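In the two complexes below, chain A is the common chain; its partner is chain B in one and chain C in the other.
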Partner chain A sequence: MANVDIVIEICGMAGEGVISGGEILARCMSDQGFDIMSFDSYPAEIRGFGKCVAHTRIGSKPILSPGKYSDILISLNDKHAIEQLPALRETGVVIYDSMPRAYLEEDESIAGWIEPGMTSYGVPLLQLSHKAAGDARGRNMVALGALAALFHINPDAMTATLKKRYAKKNQIVIDNNVNSFLEGFNWTRENIVKTDRLSFGGVRAKAADKAIMSGNQAVVRAALDSNIHLYAGYPITPATSIMEYLARQLPLSGGVIVQTEDEISAIGHVIGAGFAGKRAMTATSGPGLCLMSEFINYAAMAECPAVIVNSQRGGPSTGLPTKTEQSDLNIALFGASGDSPRIVLAPRSVAECHSFTCMAFHLAEKYQTPVILLLDFFLSRSLKNIDHPKLPDKKWLASNLAPSAADLKDYKRYKITNSGVSPRALPGTPGGMHVATGLEHNEKGKPVYDARTHTAMTAKRYRKLDHAAREIPRPLWTGDKKDIAVGVLTWGSTAGAAMEAVDRARAAGVRAAAMSPACLAPLHTADIEAFTAACRSVLVPEGNFTGQFANLIDGAVTRQFHRLSEIPCAPIPAEDIFDKIMDIAKIAKGRKVKA
Partner chain B sequence: MPKNDHYVIIGNGPAGNAAADTLRASDKLARISIISDEMFTFYYRHRLPEFLTGAMDADALTVRPYTVYKDNNVRMRLGQCVERIDPADKTLYLKHMEKVHYTKLLIATGGRAFTPPHLAPFRDSLCFMTRYTDALQLKPRIHDAQSILILGGDLISLNVQQQLLKAKKTVYFALNPDSFWPLKLTPGMAARIQKSLEKKGVASCVAGDIQDIARRKNGKLEVTLDSKCAFTVDLVGCFMGLTPNIEFILGSGIDTERGVLVDDRLRTNFPDVYACGDCAQIYNPALKDYWVSVGWHNAELQGRTAALNILGDNKVIKPLKQGVLEVEGLKVNTSWWKKF
Partner chain C sequence: MAEPKPFYLDEKLKEVAARGYLDYRSHELPTWCPGCGYFGMTQALIEVAHELGIPHHDMGIVSGIGCAGRAPIFYDAYGFHTIHGRALPVASGLKLGNRALSVFVITGDGDCLGIGGGHLAHVARKNVDITCFLYDNNIYGLTKGQSSPTTPLGQPTSSHPYGNPDAPLNPMALALTYGATFAARCFAGDVAHMKGVFKAAIEHKGFSFVHCLSPCVTFDKENITWKRMRGLLADPPPNHDTASLSEAMRLAQDPRYITGLFFQDKSRLDYQSYLDQALKDFKG
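Up next, the complex of A and B:
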């Protein structure tokens, strides 16, 4: 069976149907049994003239990262698509509109920039769209039709996906989209002679019943699966869609959604709900997390459960709202006054966005502490086909340690225990009345300021993390297990690219391995030490400038690292990590020879 | 800040490339663009027959790599077709709907395969080869074919038959004196070429033109000549010479006859529009007629001369004295032809 691994980019202007085109393509190919990963980039402005790119990688084998280079570039707007040409492979294919409204000015046509080795196919997108749908809005579908005809994508499958995608729209919308697709498909089949070698034909992908969702959608699904009762949030890219999805779905299960006046209020709502025994969550991005930091401290001190999703974007300040980055690690871990324990989980994939969110609700409630989920723009927005998510374990849905009758006789809300977890009485529990305060307190919650109590209580609060660490999955170790020339240690969404790079390096004859922790606080230090001990060299790639994760493990593991700290406004490509692995391996080999 | 000049050259052959090199050598700041409807970099066209039969690979055909143009800051617009010229507005209209503005324009588009009108009905049964794309498409068919009839008899056809014989193919030749370009053969010359070809291994070389081509069920072609000779072959190659590649100029106001008409400084009737190489007919005041010089070296010379005049010089073109080709024992001068 032939393998296929093709990256397709649709590029155009905001409002031209770029994102919907990419989504339809991804869903269709997923339905056809291919593994897909789709990621969009779009301007920070709501609508207008900015550049949009729908980037979809389609393969017959598991896709771990979006891929640095594209094989096919569909231009819905040449001005923007020309900027994407450097990302097109030297043997790439360009599909462009051969009959725009008027002659384009010099250098504004992408067809003018095609280099030897590339292939270009001119399709009258606008003209065919007018013919099929009566206006220009079907250009994206015409382009998908051309794509299907040129690269042997089943047109019936694509029309089925289209009909499903627009099922809730008027029939005219469905008809216009399907007709535009078919117009592009038929025109291309009749008028274009294919000269490139890319094709999905002949690849017998195994059709599978998969769920296709973004990281944010997975978070929402997990929140609902975990019996969330309240969501409070203030809109911010790239977390906003969590609130949007929940706004539609949460009320159906009797839950409450509150759009607050700011992030401070949002986290306040969540902690209040947690105090009242209701599962609650907020979602934000870097600037919002900054605002929430004092209240997160309060949750840590008052031992209230709170789930905080932080989808990282370029920073600092409002920064780069629509660009991905992994630069909120420091504030997630250390954005606090005093010694402020919190659990920080870092999902590495869309599937883990679901499972880790379920785990976050469980941990928050069981350990009565804030739990931060660190996503990023890429993970939040990327579409991935995954096995249907499993419902959380029933035990995870009732994690609170309720006080026993004996506890309630002389109720100590902050009773010092071996695990650090104290029986938590919900408001209204007879005998369970207590004060939850941000001031240091004794076991009953009464403010006290002596060193002995403060030390005991701080130790109690941190002890909870030690216990939590035992039930959080240990770091994921892939690749070789011993005699490792280069080990890649990373976190969050960079893990997929790291694993792909390691696979390639091993195929190229380098002994390599990748490790990524699921949890950054508490950190599974022993596992990281074991991994680094097995590696001659360790590379730490991450999407921030200062190497925040490398700095973190630098303090935990006595070891020198090669750093790959980049802020390319996109996920760190597997290709870059692979190149770095090979460079390190070569240097190490050279040293060995000299020795 | 003054805008830099934009020199646009249509054509990526020896004339166009020599012009680009000359322009860049003298003007480091100007924008220089080469537009070609072929998607390939500058290659040795006269060596296509060797590529066709596998005696030479594609890399060896390349005169210079693409990177050279990048290094020299020459913009290559490959695979792009000029649809029309507006010399008054100094604008080219490309087929993919883009306008390109020029300060000075050089037309160096060379020639393309010529098909006499009476062969048009048989076009689908004939093979042509004047460009790399043709050779690329023809190559697998040549590989599979055992017998080939060459129709016509221009310079390329003589080279093709040599390579086919080397590749152990059975070659037939139907020599059409009227088609022989650049020269019209006299009966004596035709007889000498005929004799020479047969001596070299061509199975049969006869004079004549096609009367009919029929495809048999087994895929072979049955070709009947007006001389009543008949051949059953796998392929029929048509090599009737070249015709200047100037369709896009027609209607622009630039004077053309069979090629683009230029004066002895390679200037057309429009200021800032020049032409050279196989597509140009050059006026000679002494002869009071237009003349043509063909071949690689003449093209390069004309490209350099045109470029110097574009840069403000006033050079008169003189063809190479030593421009001589030897064709099957006949010496053919490549310069000073007065007919296409």
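Up next, the complex of A and C:
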């Protein structure tokens, strides 16, 4: 059985159906049992003629990263698509409109830019769209028809996906889309002789029922699965869609959505609802997390649960709102005055965006502490097909340690215990009255300022993290287990690319392994030590300039690291990590070894 | 002359306990200065809560930072001593988290109108069903006498020794502008009147704003004093229409200390009720 791994880009102008075309393609291929990952890019402006690229990687094996290069480029707009050509492989295929509306000068048509080694197929997209549906809007579907004909995608599967996707629309919309698709499919089959070698045929993929979602959608699903009662937030890219999805769904289950005046108020609402014993969440990005710092500090001191999703974007300050980066690690870990414990989880995939959010609600409630989930623009926005997410374990839905009758006789809200967790009375409980305060306090919650209490209470608050570490999944270790030439240590969304790079390096004969922690606070230091001890060299790739994660483990493990700290305004490609591994292993073919 | 009746402490304590107010008091002694009006306001809230039959375990008292911020520590209730300026959002979250609770915000002039000035507008216009007591002493007391957003223009303070150059805000006019559906003012020196105002504020369904006047006896011994304040007290005119926002606004501009109910809108749904109604309408 052959394996396929093909990256398809549809490129055009905003409004030409680029993104919807990409989505249909991804859904169809997922339904047929392929693994898919999509990461689209579009302009920050709402209106205008900006460039849109729907980027989808489709494979018969698990897809771990979006892929740096494309194999097939579909041009709905040659001006934009020409700019996209550098991302096309030297042996890539271009599908373009052979009969566009306007006359194009020689260098304005993508056909003139095709390099030797590439293949191009001209399809009269506009003409066929007019023929099928009477207007130009079906060009994206005609192109998908051509794609299906050329690369052996089952047309029935595609029309089935189309019908499913547009089931709620008018019949005419469904008909126009399906007819455009079939027009493109039939025309291409009759008129074009295939000369390239790419094909989805011959792959025995089994039809699959998978969920397709983005990281943000996975967070929303998890929040609902975890019985969220209140969401408070302020709009900010790329976290806004979490609020928008929840605004539709949360009220239907009796929950409350609050659009607040700023991020300070948002986290204030979350802490207030948490004090009431309800599950609450907010989502933001770097600038909002800065504003929340004081309240996160308060939640740590007053021991209130709070779930904060931070989807990182380029920074500092307003930065690059629509570009991905992993540069909020420092503020998530250390954005505080005093010794301020918090749990910081870093999902590595869309599936983990779900499972880690469920875990975040549980941990926040059980350990009465703020939990920050670090997503990034890429994780938030990329689409992945995953197994339908499982509901959280019942134990995770009632995690609060309530005081016993004996506790309530002489209630100590901040009782010092072995685990650091004190029984927490919720408002409305007779006998459990107390004051939650951001001042240092004794076991009863009374403000006190002596060194002994301050030390005991600080230790108690940190002890909770040690206990939390025992139930948080240990770091993920893939690849070789011993005699490792190059070990890749990374975090968050870069983990997928690292694992893929390690797979490729091992296939190329290098002993390699990848490790990524699920949580950055508390940090599973012993596991990281064991991993680095098994590696001759350690490479730390991450999406920030200063190497924030490398700096973190530098303090925890005595070790020299090779750093790949980059801010390419895109996810770090597996290809780049692979190259670096090969450099370090000094066996890269035909490449100079960097000093 | 008859011998005065002997006075026994435990008997007196029993007598006080029998009134039922002690349930609402914690064992902490207030840390305010002797002569401060906040003692009276604390007592008034205790008495009103007791008289309204609100169990102390159903009371959520949320505060920020400052002299007023310490208030929850002196109640035996669910207290929430939060961070500077942010009591209102937390209180809103608490109420939306558990609608069965009676949620009170105790905030100060610096807390509510200075650092947290942005929140009053939005919690008020959302009409969340909480009661906000603004303890206004016209000064930053806990940090020892700097100008606050309600310090009169020209008053020398420790941060403005040559006179406060900033014009004071008008809390009542702000609350009315922001859409508070209940706005009233009271004076710390008149507990009986204050209790009436508190009671009406707590019973109001929606965002209630109570401007509580209390002179700072430590950092302003010359300007806004008990004596001067008392002299400037006035009732609203007998024909004042509390349903009229424009009349309330005019009253708010009066340079005297007018105490009593300024405005009440009984028709608007509070935030939670609005959400419930909207969902019901959607589901048909």
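Keep this in mind: the second predicted complex is superposed on the first by the 583 of 595 C-alpha atoms of A that agree within 3 Å, B and C clash if a C-alpha of one lies under 4 Å from a C-alpha of the other, contacts with A are read in each partner's own complex, and residues count from 1 in each chain.
Following the convention adopted for this analysis, contacts are C-beta pairs under 8 Å (C-beta built on N, C-alpha and C of every residue); 3 or more make two chains touch, one makes a residue touch a chain.
Since the structure is predicted, the reported quantities are computational estimates derived from the model, not experimental observations.
Asks: With both complexes superposed on chain A, which partner does A:122 reach: first (chain B), second (chain C), both or neither?
Replies: The first partner, chain B, only.
Asks: Looking at A:439, would you say it contacts chain B, chain C, both, or neither? Reply first, second, both or neither.
Replies: A:439 contacts chain C only, not chain B.
Asks: According to the stated criteria, A:106 is in contact with first (chain B), second (chain C), both, or neither; which is it?
Replies: first
Asks: Examine A:229 and indicate which partner it touches, taking first as chain B and second as chain C; both and neither are also allowed.
Replies: In the superposed model, A:229 contacts chain C only, not chain B.
Asks: After the superposition on A, what does A:274 contact: first (chain B), second (chain C), both or neither?
Replies: After superposition on chain A, A:274 lies in contact with chain C alone.
Asks: Tell me which partner A:98 touches in the superposition: chain B (first), chain C (second), both or neither.
Replies: The first partner, chain B, only.
Asks: Thinking of the overlay built on chain A, is A:575 touched by chain B (first), by chain C (second), by both, or by neither?
Replies: In the superposition, A:575 touches no partner, neither chain B nor chain C.
Asks: For the three-chain arrangement built by superposition, which of chain B and chain C touches the greater number of chain A residues?
Replies: Of chain B and chain C, more residues of chain A lie in contact with C.
Asks: Name the contact category of A:554: first (chain B only), second (chain C only), both, or neither.
Replies: Touch status of A:554: no partner.
Asks: Let me check the overlay on chain A: which residues of chain A are in contact with chain B and also with chain C?
Replies: none
Asks: Which bits of chain A are touching chain C when the two form their complex?
Replies: 229-230, 232, 251-252, 256, 258, 260-262, 264-266, 268-278, 280, 294-295, 298, 302, 426-439, 446-447
Asks: Could you pull out which chain C residues touch chain A in their complex?
Replies: By the definition above, chain C touches chain A via 26, 28, 55-58, 60, 62, 72-73, 76-83, 86, 88-98, 100-101, 118-119, 121-122, 126, 272, 275, 278-279.
Asks: In the complex, go through chain B and note every residue touching chain A.
Replies: Going through chain B, the ones touching chain A are 39-41, 66, 76-80, 93-94, 96-101.
Asks: What residues of chain A sit close enough to touch chain B in their complex?
Replies: Residues 96, 98-100, 102-109, 111-112, 114-116, 120, 122 of chain A touch chain B in their complex.
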